[in-house]
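Structure first, commentary second.
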Amino acid sequence: MARERTAKKREEHEVEFSRIVAFSDGVFSIAITLLVLDLKLPRDLANDEIWHALGAQHEQFLAYAISFAVIARFWFVHHSFFSEVKAFDSRLIGLNMLYLAFIVLIPFSSQVLGEYGGTLPAVVVYSANLSAVVLVGQWMAWDARHSGLAKADLQTKRESFVRSMFIAGVFLGSIVIAVFDAGIAPYIWLLLFFEGRGHVIERLSRRIS
Amino acid sequence: MARERTAKKREEHEVEFSRIVAFSDGVFSIAITLLVLDLKLPRDLANDEIWHALGAQHEQFLAYAISFAVIARFWFVHHSFFSEVKAFDSRLIGLNMLYLAFIVLIPFSSQVLGEYGGTLPAVVVYSANLSAVVLVGQWMAWDARHSGLAKADLQTKRESFVRSMFIAGVFLGSIVIAVFDAGIAPYIWLLLFFEGRGHVIERLSRRIS
Amino acid sequence: MARERTAKKREEHEVEFSRIVAFSDGVFSIAITLLVLDLKLPRDLANDEIWHALGAQHEQFLAYAISFAVIARFWFVHHSFFSEVKAFDSRLIGLNMLYLAFIVLIPFSSQVLGEYGGTLPAVVVYSANLSAVVLVGQWMAWDARHSGLAKADLQTKRESFVRSMFIAGVFLGSIVIAVFDAGIAPYIWLLLFFEGRGHVIERLSRRIS
Amino acid sequence: MARERTAKKREEHEVEFSRIVAFSDGVFSIAITLLVLDLKLPRDLANDEIWHALGAQHEQFLAYAISFAVIARFWFVHHSFFSEVKAFDSRLIGLNMLYLAFIVLIPFSSQVLGEYGGTLPAVVVYSANLSAVVLVGQWMAWDARHSGLAKADLQTKRESFVRSMFIAGVFLGSIVIAVFDAGIAPYIWLLLFFEGRGHVIERLSRRIS
């Protein structure tokens, strides 16, 4: 029952290929911009209540900053991955759609995080959402590289794998920790700082070879 | 009173052609991203109410998943159709706009479905909306192929026709069934699974030839 | 004090030119998609109230249909105009932005129309908004053609002018009529049907030559 | 610990480069269109209350007009800057994302300004937001020019610097003034009119050389 995969080469179907990328970019840019809708001042406040109302939104501002950085980072990874894609088929398009479905959920998860920051449900929703993005992204990359749609050298593949597992691990780990103390969980996310440091990931990837 | 149709060739008006596609992609990507706005946690819940409030949204999550998949699928079909379009005129642009008008309605219908899942009005609104997309899409494809704007071989034309009638039939049929039992209707939609299986459609299309 | 106009040729600055078009298309596609946000069912209705609530939105659905058609039409005209643009300068970009500022207002005006359909304020807001789009659009076109940025033959120029004056006239006229009877005004808009009939505009344009 | 910067040339990575630009344009066009969401008439007004309700929104309309012009202007500057970019690296992408994060905040700041126009918090939020856009924009431009990613002659660099400092100065200055009288601050912003007059900036830039 293996479905045949008829890949289309990128250079021969440039318009179709760029539509996939344009659609993805559209979804990314809208999702990242919708984050601002979680920031809302109540109407009809007295003058001396405005500062207070702004201050009361500090968790929403924090959630905005985190989620903006997260979506921007995912866009960057998506961007890098698609620059190595040489051909596409309907499975790649399907996985990309699944990936985008979790990207689009981020404004919702971010709203939950902004509203209920220190609680278990917020940590679970946010971490599960971001883990899903990373895992589906790795699935898509693995599948495309495996079937020859994307060309990547061994080191890139390994780094991409280690990086994804690291991020997903941090998020899933933070869920476990949140069961005991939901307030600590977000600090675990600070470990993601190391993901940005290329040499940490590089060293880890070398170790597994 | 037949209005003259002066078609512009795609390769000679590449910028204009790609604007039609870019505009459509923009509408698709915004409509699909607006689906997330139907997911909203109430503010100021007590900690032990958050799980409950999330659980109470399970129909909204389901509607989100279904509608995301539906719009993604329509985008894919639109994408495939436009890759065979070789020229365009104002009628194609007009039909494409009518098609997009029903795509843009999906977030509304999806909200109705998420809110009033098991009821007749929800089934009618959702099914009518999606049937309209499929039927207008088939009209646009038929018109473009008939007038030489799009090139498709006989088998593609037949499959496209059978596929559209199948989908529209499932949705319109579910309306009839919903009159008797609105709760069953969504299960009828599971028949759409067969639309994804190419060989079913292929076999059906062969039969009509 | 005449400010110097240093036009950039389209073919030499293709990326910059296509950014202007892409930005405009983005704004058009978002504005047209935001129209759906005016359609909203209240939550927590009893089953037998849903049909009623949907019926109570019939003016919103009508406003959606009208405004979708209107923005789609404006997009089409913008599309046609920009296909004759051969060069651009900062004034064209500025006028295009002013034009888009009124396009972006349409979802607001449409909400007012949907909510307060038969009233004077709704007719004034909606008509003023659409007139502004048409007049700024004509200003932009006239300016670009006059300064050599866009090439159009005499007949195209005349038709474009007559068309714009006709549309603006219908809308501004409907404001005058609405002062006496706001309920009649929308029927005046049906005169716009003739704008789509090319030969009426053509005949009128010939008459002025 | 200087991180190596491996720049990619624009002409060799045209698709990747245009994705950065397309993503930015998407964000700009969505942010500018979301401004309309701050304009909302209450439902169920009596006929004679509609004019009053529209009039009560005059500050929202003003905020809409100002913010539309501001985002349009920023888009124009972004547009000009990216037309001189010849290569890109991950730092430029990162700075561009930081820049866009402040662009996306503008609809929020604009809502605060529209709602609480004459108050200190509104002036601070709005001015701080716009100053941040200008300063990050200048940082990005300086960094790109300094590292050879963007080519600009000395005069362009100076003008860009003077212009940014002028705008940021006006906004930050208006915060200081707002501490004493928040109602005057917006009039200070009218100084920005001079930014549009090229020769003022030009003269100032010549003076510093």
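We just call them A, B, C and D in the order they show up, numbering each chain from 1.
Basically, a contact is a pair of C-beta atoms (placed from the backbone, for glycine too) under 8 Å apart; a residue touches a chain by one contact, two chains touch by 3 or more.
Since this is a predicted model, take the numbers as computed values, not measurements.
Least step count on the touch graph, subunit A to subunit C: 2. Common partners of subunit B and subunit C, by the touch rule above, are absent.
Comparing the contact residues of subunit C and subunit D by number shows a mostly separate set, under half of all numbers used being common to the two copies. Relative orientation of subunit A with respect to subunit D corresponds to a rotation of 90°, obtained by superposing CA atoms and rounded to a multiple of 5. Subunit A and subunit B have CA centres that are 27 Å apart.
Subunit B and subunit D, compared by their mean Cα positions, are separated by 38 Å. In subunit D, the residues that touch at least two other chains are 22, 26, 30, 37.
Under the touch rule stated earlier, the contacting chain pairs are A-B, A-D, B-C, C-D.
Within the complex, the subunit D residues that touch subunit A are 3, 13, 15-16, 19-20, 22-23, 26-27, 30-31, 34, 37, 90, 93, 97, 100-101, 104-105, 107-108, 111-112, 115-116, 119, 121-122, 125.
Of all residues in subunit A, only 18, 21-22, 25-26, 28-30, 32-33, 35-37, 39-41, 43, 45, 47, 50-51, 54, 64-65, 68-69, 72, 75-76, 79, 82-83, 198 touch subunit D in the complex they form.
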